[in-house]
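We just call them A, B and C in the order they show up, numbering each chain from 1.
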Amino acid sequence: MKLLFERSVPGRKTQVLPPCDVETVEIPKEYKRLTLLPLPELSEVDVTRHYTELDHQVFGVNCGFYPLGSCTMKYNPRVDEETAALPGFTGIHPLAPASAVKGCEEILQTAKKDLCEISGMDDMTFQPAAGAHGEFTGVLLIKQYHDSRGDTARRKIIVPDSAHGTNPATASMCGFEVVNVASAPDGGIDLDALESVLGPDTAGLMLTNPNTLGLFDRNILKITSMVHEAGGLCYYDGANLNAVMGLVRPGDMGFDCVHMNLHKTFATPHGGGGPGAGAVGCKAFLAQFLPHSVLMDAKDGKPAPENAAIGHGGRIQVRGFAGNFLIVVRALTYILSLGKEGIPETAENAVLNANYLMHQLEDMYRVAYPRTCMHEFVLDLQDLKEETGCSALDVAKTLIDYGIHPPTMYFPLIVHEALMLEPTETESRETLDEAAEVFRKVYQLAHDDPDYVKASPHSTVIGRPDEVQASRHPVVKYG
Amino acid sequence: MADIKFTKTHEWVTKDGEVYAIGISDFAQKSLGDVVFVNLPEAGDEVSKGESFGDVESVKAVSDLMSPVSGTVTEVNEDLNDAPEKLNSDPYGAWIIRVSDVSDTEELMDEAAYKEFCSKEE
Amino acid sequence: MGTYIPSTKGERDEMLASLGLPAGEEGYRKLYSDVPESVFRSHELDLPEGMSELSVVRKMTRIAGENKTYQTILRGAGAYDHYIPAIVKSIPNKEEFLTAYTPYQAEINQGILQSIFEYQTMICGLTGMDVSNASVYDGATAAAEAAAMCRSPKRRVTLVSATTNPEVISVIRTYCYGAGTELRIVPAKDGRTDVSKLAEMLTEDVAGLYLQQPNFYGLFEDAKAIGELVHAHKAMYIMGCSPIALSVMATPGECGADIAVGEGQSLGLPLAYGGPYLGYMATTSKNMRKLPGRIVGQTTDHEGKRAYVLSLQAREQHIRREKASSNICSNEALCALTASVYMAYMGPSGMKEVAMQSMSKAHYLAKKLTAIPGVRLRYSGAFFDEFLTDMPKADAVLEALDAEGILGGLPVEEGILWCATEKVSKDAMDHTAAIVKEVLAQ
């Protein structure tokens, strides 16, 4: 495929604006750009053909089964795009006066009420723009809480070894030391290991439940109470909320703050890597530490606590303005569509679909933790690799040739040849049956013709790219 | 390679006069896979035994470089910036840093002991 | 009630039966047997009944109608009302671009990967830098991430000019609080960075300086001279620039910046009450591996065919975990795509035209307003598309404009910060000036 720059023709252009209707002003010489502006010169048809060609080389949820574990690639309803495109939302300046933004505030207040209800929290912010950004915000709530009490010895955040990489990275960004705790043989947290790391230096625990193995920790109430007894707080990573929403509330499990990925659980599109939204909810005692927007507060006449240090009256702010507002519009459209029955029904069928698919595969593939799973499960392909030489990667790439997006590979780290499958509730039984059939075919193929599997995919515009070359000798722009 | 010594974290060290050269072992490069980048310290930096002085990246992993000695970095192998693959092709030729003013040394193994150690790790 | 679950009740019961479970609620409860009884459905969910598509569209349309949309927007301060060409809205709305995940599977996502590679190239072209990431959340978080890139064990202090947008300062302060590092504000003089104070503040513990160009008051800073000063003290130099201004203004590359960041909302994204927006972030080759976030690289496949992949991944949290310098994973990829379409469609001449018209209109508005007795510019320096005025009865002026469907400037530091873009017509500005004149004459 040609690059935009390879389609460029000198002098070609589009005409968008009317002529300037006031006297033109030039930028003063001392501030003027001296180098050329190297953007492509294209016609409108060039642009639309280019991007249509690119779009044809993208696999979206609308293209086929997308069992990407931990990412909740459910169908993204089109109506959510329509409501988010209403000019009454898109055209609103974030610093418009309060009287002009009543609709936006109604969206945020309604979404807050509903998501607090679902999560069992008392208050919420929509400022974080993604899950990891929500984690950052949530752990800063924990930090401010301890700081405000002068409890500065609490320097450690506990993270299970099955956690997403964002958990330890977040704790580090917030200035905490990360303590990893091992998983027990049943995939949950090892209570003895947890006990041994808890103490007066414990700031908190970050936990996903169900965890990244797709297992609900049976000891969850014990775990959160142990952390609380040690004086720490409990952070719920909502990455896997789709398994339990409407059925079990993080607040009832003993968590003090949570983030929810609106772009996973609440069906807003991933956009090839964002924008998402990481709504952060908390119990009432943490509400005073939630972020604000300094300019939005100022235009609403709310006094800023001048010069007060964060954690001592000063407020945090994790990005500009109110957050990814249009993502909240989409998520609220989804919540309103599903309603009180649809929310738990969604969770139940996400779990049913995962168990159904797991059951279809378990006579051929080894399930890493063979027990009833939640919304996702992990296959361990170590045996297959030893028998055939085909790895989890090879199997994943072969699935592409059958129109299935590969599952998450090599995660969680505690299963070495891992494939993690999350079918979501929006897949039909036929899709799951067909997928199971494909997995069986690939298993057979790995035994019959391992070299073919190792050279997969065969049907795509490119074969496997040379990632070593890309990282050793990076080429990160054209020309 | 008579005077070569190894750490439990798979670095090697050789001594030439007062200067110690440090690299990673063949075992280390094999388990890392294709090295794509080496995060190097700067000449003049202090290193401490048992502590990280940089790291080695492969495509999907990163591994700390642990210093076998305490001392001052006199030289870093800048060639590795352009050709990190030398750690794969010639692990004992591609030193990473040279250290002098060495005040303390990690407990080290000779080649035979290290071989034995690696065979248990596999 | 809206539902996106395809399976029928009968199918669900059959699926439960295949797992050896009873039909209906009882079967589902068994799937959740690991969940303690005391927390399972312990609570009647207080949500409304589900709604049909038509009902939900009606409801959301009603809510959107509660907002006021202005015919003319003369307010910026971090969010800018530029014209968005039709194609810039339609292309990112293609379902595959919209619904794909981050392109970890390169073979089936060359379209997204190539579009990011093109975005990176255009951001480098705009800023004069060597390498761009695939975007971060917004301009403020880009600034905070850039500040983190500068720090080393010996240099932990971040300097930020007081002429920076307060939102950006607030976010940098928050990230510094997280990391346990210090933020110091360099004071302003006549609306611009006080360079002599800056020279005193560039101590040996300073990691870097953040400078906004044009600054919060719309004024041009002496960015090149400030960069030289910062480098003379061995600190790093971060410039936060309006991407529209960059098409005509000296680039961070020309000014010697180590890192260029900014808010990309102006590149085809709607105001949308604050988001989604786009943080762009670019740096020099030397600092490439310190850059957080995803970066797409060009390589080849086994047949030698050109291919794109997510590259340099060993910097990122999923590999480096607690040692990663940032936890970012999802960014604003679709917004980056939107910005790419905007830049590709506008081209160099269109981008320059937007910059020229915005600047010209802001100057016209300033001229019209300051011709009114009692209205004056607070600062005399050269400005781009924003400027700060002092005038009496500011509240009454803004209310009178509001009643006429005009969103006036933002009240800031007892003045009003005005902004004009290419969308504002001469007539609208004449009308604005007439209203201001009338209110002040009362």
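Throughout what follows, a contact is a pair of C-beta atoms (placed from the backbone, for glycine too) under 8 Å apart; a residue touches a chain by one contact, two chains touch by 3 or more.
Because the structure is a prediction, the values reported are computed rather than measured.
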- Note on the structure: Two candidates, A-B and A-C; the one with more touching C-beta pairs is A-C
- Message: From the centre of chain A, which other chain's Cα mean sits the farthest off?
- Response: B
- Could you give the separation in Å between the centres of chain B and chain C, each centre being the mean of its C-alpha atoms? 43
- How big is the gap, in whole Å, between where the Cα atoms of chain A centre and where those of chain B centre? 37
- Can you check how far apart chain A and chain C are, centre to centre, with Cα atoms defining each centre and the answer in Å? 19
- So which bits of chain C are touching at least two other chains? 312-314, 319-320, 323
- Junction residues of chain B, two or more chains touched: 36-37, 57, 59-60
- Query: When you check chain A against every other chain, which residues touch at least two of them?
  - Reply: 467, 471
- Item | Residue ranges of chain B in contact with chain C within the complex | 36-37, 39, 57-62
- Message: Show me the residue ranges of chain A that touch chain B in the complex, using the header's touch definition.
- Response: 410, 467-468, 471-472
- Message: Considering only the defined contacts, which chain C positions touch chain B in the complex?
- Response: 289, 312-314, 319-320, 323
